[in-house]
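These are the structures in question, set out in turn.
Two complexes follow with chain A in common, the first pairing it with chain B and the second with chain C.
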Partner chain A sequence: MVTIVVDTKEIQADDGKSVLQTCLEHGIFIPNLCFMKSREHPHASCRLCFVEIYGIDQPVTSCTERVREGLVVLTATARARRLQQAAFKLLMSAHHCRPKACPVRGGCQLIRIARHLKVGLNSQPLERLERAIDEEVDLGLFTYYPFRCVLCGRCVHVCRQRTGHNLLTFAGRGLKTVVALFGGGDLAAAPCRHCGACATVCPTGALVLKGEQGRAASADSSLRAPQIPPR
Partner chain B sequence: MVQDIAAMLPAFERHRGNLIPILQAIQERHSYLSGAAMKMVAKHLGIGPGEVYGVATFYNQFRFQPPGRHRIKVCLGTACHVAGGEIILENFERKLGIKDGETTADREYSVERVVCVGCCALAPVALLDDDVLGRMLPSKVEGLFVQFEIERQRQEREKVARESGEQARD
Partner chain C sequence: MNKQEIDARFVSIRREAERRAEHRKREAIPTIYIVMSTCGLASGAAETKHAFEEALSHKGIQARIVPVGCLGHCYAEPLVVIDHPASGFPPICYHQVSAGRARVLVGSYLEEGDPVLEYVLGAMERSDLIPSVMDFPRFSLEQRLVMEHCGHIDPDDIYQYIALGGYSALARVLASEPAEIIHLIETSGLRGRGGAGFPTGRKWSLARASETGGNIAICNADEGDPGAYVDRTILESNPHQLLEGLAICAYAVGATQAIVYVRAEYPLAVQTVKRAIRSAKELSLLGPGILGTPFDLEVSVFEGSGAFVCGEETALIRSIEGRRGMPQHRPPYPVEKGLWGRPTVVNNVKTLSSLPSIVQKGGSWFRAIGTASSPGTAVFSVVGNVRHPGLVEIAMGTSLRTLIFDVCGGIPNKKSFKAVQIGGPSGGCLPESFLDTPIDFDSLRQAGAMMGSGGMVVMDEDSCMVDVARYFLDFTQKESCGKCTFCRIGTRHLLNILDRITKGDGRKEDVELLATLSEDIKNGSLCGLGKTAPNPVLTSLRFFLDEYEAHIKEKRCPALKCRSLTAYYIDLEKCARGCEVCVGCCPVEAIFTTRGRKKGIDQKLCVKCGECLVACPREYDAVVKVSPPGLAPIIERPPDEEKSVGGQG
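Entry: the complex of A and B
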């Protein structure tokens, strides 16, 4: 156990844990999308979890910083906020939000993050990005909505590491990157009938299970994004 | 093809670092990667087929359909991009009803995008097999297919003439 200070609050933390995880466990919200406890090496790709740490010049991603004795963390400095807001705007330029048609309205991480960062659910003043990808992809047990996907990689990770199915993958690259199955195939024939972990960890509702089976599977709450505290 | 790939694989060590060299070797011989081929590679390396698919789709150099008899390559390097290479690519795609990386159903044409063919002064550039087509315009795309059609009709006429000539000799 070590003692760290987060926004003037003293916290007893496990040595070596990431700053992000420690803060989340103590009820201090730091925006994040790609972070998962079970990831050995943090992806640090969403660029949303910036904080400032005493003694480090620039804001750093809190998922890659380890807790150590005497660490002083500031989660809401202007510099960190500016980076977070910029990263969020860039994400939103490709995530075309239509709250009325969104199946995860209540639980969407993006809404929570927008509220936290005090920005709108759009990319303004940045341009909206048009991507040449399908509106809706049928993956058998799931429906995948590329426009909602922020490519955080949680589903790919959980499919590979946690469940060992190793079916989902990123396909293509650049603006055309999507989450896909081998050869665009369909999951109905796959060994993951009752898993549904990928849809459960999705922070934006880009992977949605179809029908009854889906609801039962997603009841496995241990996989649900742990960082959405009830409001 | 499957047997040939099965014969190729043992030459590569079962190490995931060998994934790209294997895919390259397969494409070198068979000019594209089939689903069966990728599954065999996955099995050989002990990784999921999804992983092979993910890596293969990341790189522009891999194709998943056999190339057509005529390969059309549209340059989208910096100069061609600025000069509207994207529009030329779209013209080909629309004309043939396929997307880049695909082949028409009759295996006649395939369209792909390439990055800089080295004659930026002629931008936007397209390659038809080995011929460089410089300063491309949508009208030139149209003209190209008219030429193809004329050539095809000419060959057909010659064939008919040859056959009737042979009949006359008989």
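Entry: the complex of A and C
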């Protein structure tokens, strides 16, 4: 156990644990989408979890920083907030927010983050981006909605971890990057019927088990989407 | 294994190399060296070689043809050097040797002894007979270390490299302790040539210190910057110097496995390196038990699929592991946990190729070249609006002005210099006021550009800086691996905004939006690609803000480059009555005849290809290009002329 300070609050934390996880476990929210406890190496792709750490001259992603004795973390400095908000705005500019058609009722991470950051769900002043990709992709047992996907990689990770083989992967480059099936295979043949972990961990309802309205496909609560701020 | 034993083994190889060189010399028949690397081949070196062969056999002349790598003089390709000892002339370098010139050279020079002065670039040695290339600024201001032997030897003949001292540094290293070698490289001050300039010695000692074991050395020859072809040229021209460097690196860091990562789009480089590895193995200079020591080094080539981001070391490693080339957060750095979880040293081609000479001549010799913080040389592929584009190697600290105006001959066509883009898509454009900036890692970074991996584009007054920024952003947003938010989405926004500015739809808030977004992408991205992607925007905003404002506020492109913001018209005062030249060249029949039998352009039809401007005879010079397009006077097409476009006149 070491002692760190987060936003003036003193915390007893496990040495070597990520700053993000430590904060979340102590009820201090930092926006995050791609972080997963079970990942040995943080994916660090969503870029929402920026904080400032005393002694480091630039804001850093808290999911990649390890706790060590005496660490002083600030989660809401102007510079950290600017990056958190900028990342959020960028995500929203590529995310089609259609609350009525959204299967994620109530628990949408993006809404929680917007509330925390005190920003709207629009992408102002950035324009909404159009992309030359499909609206809806049939993945056998699942339906994938690229315009909802924030490419947090949680599904890809959990699939590898659960099944031992990568059924899901990223495909494409740049703004055309999407989640896809490895080799364009069919999930119906895979062990997916009894798993559904990927849909469970998806924070945005981009990966939905067919016939399921919500995304609580799996009863395994340890897989639930990112931790959210207490209201 | 002691020094004497290694020396003894190496000396026998060296003797063989010298014996072969001596034999060639004694034969005293002419030798024709033809540059056959990708640049030479692209300008027709294969046809040239064929023409030489035919002409020689036709005339029954004995001569040896040696394909060599690149000399770096791309403006003069195909380049040929003819060494004709019996003629009394020193070896002569010929430029633009087409198949026709090749036949002439065989007839005139090899047969009759007339060196055909009009094809001569210069002599390769100083003499009273022909001015030597050594005295040209291109040669005299250059300092070649990495490219020392490029273009002088047959890359497929390992003995030619050995005869020039090749692999003797490796022999020397094998008789020393790895720690001594690391110390030597540390004291030499060598910094990585892959872009970031990380001290090579320090990287090595970090890997050496790791306790995981099974260390791996990787040569990064991914080279994805558009316009950069330095690494490719080195691989094609002198692969052995690189392999020797790689073996030195592997020995120092305790690696028994080494990989050369080359993009598959470089087929000649891939083949050349593979052959070089094979021939080095045959002489026990690579492979198991090098020169009889217990040091084994298995060297292989990995062909990357050519994504720019795979040049980033963590993405490169994942791509070798058979996974998607996506960068990872560092730490852990590859030196701690790299390929297959093992400590891995990734070094650039130029970094590794610098090693043999440092070993041979010492750390302080190396330190004496270049500047205190960036010792050694820098190699650039200089392209764009310069008289003599090509590969140049200069001492660090040389000013941009010297490089562009002296070494590369300055700006052609009486145009003036506008900017130089250094470091490719990660770099920045520097304006004229920065021409005295010394070329070294720190000065360039301070100026907002980057050393990058060797691309340099020189731009004259006709380049639009907004359009240049747009070009690079188009590249980076396509090449983004798509992993992280800032780079994947942010660079597309930058591109879209630049796009609309060049189309005349810029908004007054765009400059600020570009600046804010660029800062955020720079600070927020995961890897170097995203962190540096905004540099072309940031530097052009800083140095050429007036151009952005002209585009946005006046809808004017000062360089007359952006199509939507320019128009062509015909100056009726200058247009020659009855002349029809431009009419036929217009692809969309936008040119009509006016009442006064002169020509006018229908602005609604014009696609702004500029053909008419080129076609109008110089003595009339009547076609004018303007920006904003509103400046073009409207000349009505006479109603009765409608049918007679290009007609009676």
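Criterion: the second predicted complex is superposed on the first by the 214 of 231 C-alpha atoms of A that agree within 3 Å, B and C clash if a C-alpha of one lies under 4 Å from a C-alpha of the other, contacts with A are read in each partner's own complex, and residues count from 1 in each chain.
In this text, contacts are C-beta pairs under 8 Å (C-beta built on N, C-alpha and C of every residue); 3 or more make two chains touch, one makes a residue touch a chain.
Keep in mind that this is a model prediction, so the values were computed, not measured.
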- Note on the structure: Comparing chain B and chain C in the superposed model, the one touching more of chain A is C
- Would you sort A:180 into first (chain B), second (chain C), both or neither based on which partner it touches? first
- Which superposed partner A:169 touches (first chain B, second chain C, both, neither): both
- Looking at the overlay, does A:41 come into contact with chain B only (first), chain C only (second), both, or neither? second
- Message: For A:82, using the defined touch cut-off, is the partner it touches chain B, chain C, both, or neither? Pick first, second, both or neither.
- Response: second
- Item | chain B/chain C common contact set on chain A | 169-170, 172-173
- Note on the structure: Listed in rising order, the residues of chain A that touch chain B in the complex are 160, 165-173, 180-183
- Residues of chain A touching chain C in their complex? 41-48, 50, 58-59, 61, 64, 82-83, 86-87, 90-91, 93-94, 125-127, 129, 150-151, 153, 169-170, 172-177
- Message: For the complex, give me every residue of chain B touching chain A.
- Response: 35, 38-39, 47-54, 57-58
- Note on the structure: Per the touch rule, the chain C residues reaching chain A in their complex are 307, 324, 326, 328-329, 332, 477-486, 488-493, 496, 509, 513, 517, 520, 523-526
